[in-house]
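Letters A, B and C mark the chains as written, and numbering starts fresh at 1 in each.
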Amino acid sequence: MTIDHDTLRHLSDASVAVELETEDMTLNIGPQHPSTHGVLRLVAKVDGERARDVQPAIGYMHRGYEKLAEVRTYPQITAFINRIDWVSGYANEVPFIAAAEKLMEIEVPERAQYIRLILTEMARIASHMIFMASYPLELGAATPLFFALRDRERVLDLLESVTGGRFHPNFNRIGGVKPAAGAGPTQKKASQDLPKGFLAGTHDAMDKLLATCDELESLIAGNEIFQARTKGIGVLPGEIAADFGVSGPNLRASGIAFDLRRHTDFLPYDQFEFDVPTGRNGDCWDRWWVRLEEIRQAARIIQQAVDAIPSGALQAKVPKIIKVPKGEVYVRAENPKGEMGYYLVSEGGQGPYRLKIRSASFSNISILPWILEGVLVPDIIAILGSLDFVLGDVDR
Amino acid sequence: MDTIISFFQDNFWALLVVKLIAIAGLIPVSGLLIGFGELKLSAKMQSRVGPYFAGGRWGWAQLLADGIKFIQKEDIIPADADRQVFRWAPALVMLSTVGLFVVIPFWPGGIVQDLDVGIFYALAISSLSTIGVLMAGWSSANKYSLMGGLRAAGQLIAYELPMVLAVIGVVIMAGTMSLGGIVEAQRSFAIFGLETGLVISPFFFAQILGFVIFFIASLAEMSRIPFDMPIAESELVTGFLTEYSGFRFLFFFLAEFANMFTMSAIAVTLFLGGYLGPGIEQFPFLGPVYLASKVAVLVFFMIWFRWTFPRFREDQLQNLAWKWLVPLGLLNIVVTGIFKVVA
Amino acid sequence: MTTSPSETTDTGAGSFADWVGEVASAVGSEDWSADHGTAKVMVAADAWHAALSTAKLELGLVFFSYLSAIDWANDVAVGDPPAEPVDERYEVLAGVADLAEGRIVHFSTTLPKDGASLPSITDVYAGANWHEREATEMFDIAFEGHPNPVKLYLPDAFEGHPLQKTYPLLSREVKPWPGTVDVEPMPEVADPEAPSTENPEA
């Protein structure tokens, strides 16, 4: 399929001039609205029930992360970086820390890598469970919310037992993960930092989670009304998705089997067997289904990792005051929402000179003007929900 | 004692006052009971507890507390709203619900007014709510409300027709349009010599298609999920109800639950035998008991559907009405007519 | 298998660096680097559009990742200045990747601070639209040919360009940057006699 760039460019960002028009009604969806996942504002010109021209207005959640990172040291940045995509807190920290470690050329111990991987996959489950809960709710089904959140609680309890935080773990340190309290930054002996019963408890929790996935599938997937609301709605062809920078489950639902976990070198994904679910049509149904399958695959990875976790140090030897040598590096990772990248420019100081945060949801919702052209108002909500974005990720 | 009863039976106005008081009392009670049932049942389905603290550990006082809270709220009318229309919209919706209580038979002979055109009147009165909803949507001076109101108008008009067609089958079988007469007609049928007309009437088996159509259409008339596009909480905030607060919102709210009762009662009367049950001859006071239990079964199904399904999109909804329910309803009439003539 | 970052660049460095060199020569640039596993190709500002077109159409880098800028300045209002004096300039970066092997190339170009302007690449990558708007409002870089160059994040009435190094953070004006402050030493350092608080085996 060839892309008509003129049309694409025109549709991807037409102007938001508000004129006095007599045919179309300008409907403001948001920023306070039950279904916009945060403070997203869509200015929609609506003709009856059909949207003619939808422009997102973002920036209500802009917190100035990149500017803030220039005045903070690396450990301080780790404390707030997990608030970018707040439903999958832990997954935001890992690529940033990996970037700093690459510049310092530090070798992260294996046990720490495994722990990071397990917690990242738990963050993936947490994020996708929020999607499982809220998406049927936007379409009118209120009950899957409770089942999905109940299972999310299992994962959050596990995260809390390890890191002390449910949403904002702040668990990474340069060189590894947070060591046991009292052991300080250097390890005198291999200390088992994971709490007692964590590994067995995780295994059980994953079994229960897989059972709930089956429950959710039978409750939602077989429902004809749900299928009628999502199949064939919001079709996103793979080429257009790549052109806009859409990544993660949205890209995979459009048929492109690209998963950064297969190309990540700072986490040991190549030790585990897992499938990359890929959709066929790129409609809302595929985006829902891909995320459901990803929960299953994440549970599978966690179970394998928990069985295979090696013993060892939790953190490499690093100096007390962290100074990252001069250099530039870009690290990208497969976050639950898509590709998250950190371009780190260091001038040898205690903090970055420039930190560019490439967040997944920002690119994911840049296709809204294109994909929402000419759809019915209820379908706007269905498509918006299926993209699964979080405003913190969009606005940083 | 006998003089008192005969006084009430002879004096038209006294009887009327008694009936009005009874209906006025029944509306909030039915609304509250069904509302409470919805809260608790939905909680059970979602593995939560539901109202717990209001009134002991059962939470039975939750809706009472909500009602009192609503009554004491400030009356807010948007500045741009059409004030008179805004005020009268909830009244019209409540009127259509209240008007239905007039023709529901509670026990043999226990009907407020046994109109000859009972079911015709019932259908006509229930469609008044369409006007009320449109009034609410238009007068709120809010784009969301307007969209909700227009969606409601389309939906409610579309689903009137299947409802009427489903009812015609029953009328053919019963031979009368009066609701009291329809219930009585369900009494004396026997299948294999068994007096089955007393609990589940043969109308249910003979008119199963009509029953299904009527049930689906009544869900749409009440704007309940899967047909709640007019309200569509996640899209239109609350659709045509968005600008209503306080006592006016309570009216809509109560009207919805009372409407669940009346629609179910009509369905029970038409298809399930109304107040009929074992021992109805000797103990007429069992009539309301049987009616209430059958209504409870139907209400349970309504609640169950509401919490399980997502909602239809407007065009899918219209598709269902015009392309499926109307032809099936016509088919039902034809088949019923043939059987009535032949058998 | 433990992979340290330096190992990766060493064992794969040969083929990785070769590949970056190929990309650079395909867009006609001699200036590139493959340090730390990051492929960076420097192009001149007037070759920017052509380089990115080549990247998409010939090199198979169809995935648009991001576009942003770095403000190289010696007088900074926030944070620390660079270690050694640098040429004051804007460096615009665009990351594009392929979908087969997951390799990403960062194209970089240099713009002067005054009147910084670059041709827009929205006709090559549609996704550059929002990223260019962000760069405009954050750095004051104009993109010629952009279909809708209005502010993205900031309110319409906002004055100034926040990510420029000369843009101050007000809270740092009120109370200056304290530098490294170790508020409380680690327990081991504070009291070496204290019993260990390690968790037993999981």
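Simple rule for what comes next: contacts are C-beta pairs under 8 Å (C-beta built on N, C-alpha and C of every residue); 3 or more make two chains touch, one makes a residue touch a chain.
Fair warning: this is a prediction, and the values are worked out from it, not measured in the lab.
Comparing chain C-alpha centroids with the centroid of the full set of protein C-alpha atoms picks out A as the closest. Among the other chains, C has the CA centre that is most remote from the centre of chain B. If each chain is reduced to the centroid of its CA atoms, chain A and chain C end up 20 Å from each other. Work out the mean CA point of chain B and of chain C, and you get 63 Å between them. Chain A and chain B, compared by their mean Cα positions, are separated by 46 Å.
Residue positions of chain B with contacts to 2 or more other chains are absent.
Shared contact sites, meaning residues of chain A that touch two or more other chains, are absent.
Counting partner chains per residue, chain C shows two or more touched chains at no residue at all.
If you check the complex, the residues on chain B that touch chain A are 42, 45-48, 143-144, 147, 225-226, 228-229, 232-235, 237, 307-316.
If you check the complex, the residues on chain C that touch chain A are 1-8, 35-38, 40, 62-66, 68, 70-71, 78-83, 93, 95, 99, 101-102, 104, 106, 122-127, 129-130, 133, 147-148, 150-155, 162-163, 167, 169, 172, 177, 180, 186-189, 194, 196-202. Chain contact summary for the complex, chain A toward chain B: residues 25, 27, 33-35, 49, 136-143, 145-147, 150, 219, 223, 225-226, 228-229, 376-379, 381. Residues of chain A touching chain C in their complex: 3, 5-6, 8-10, 12-16, 58-59, 62, 64, 66-68, 70-71, 73, 98, 101-103, 105-110, 113, 180-185, 191-199, 239-240, 242-247, 256, 258, 260, 262-263, 265-266, 268, 270-271, 321, 326-330, 332, 339, 341, 343, 345, 347-351, 353-354, 356, 358, 362-363, 366, 370, 395.
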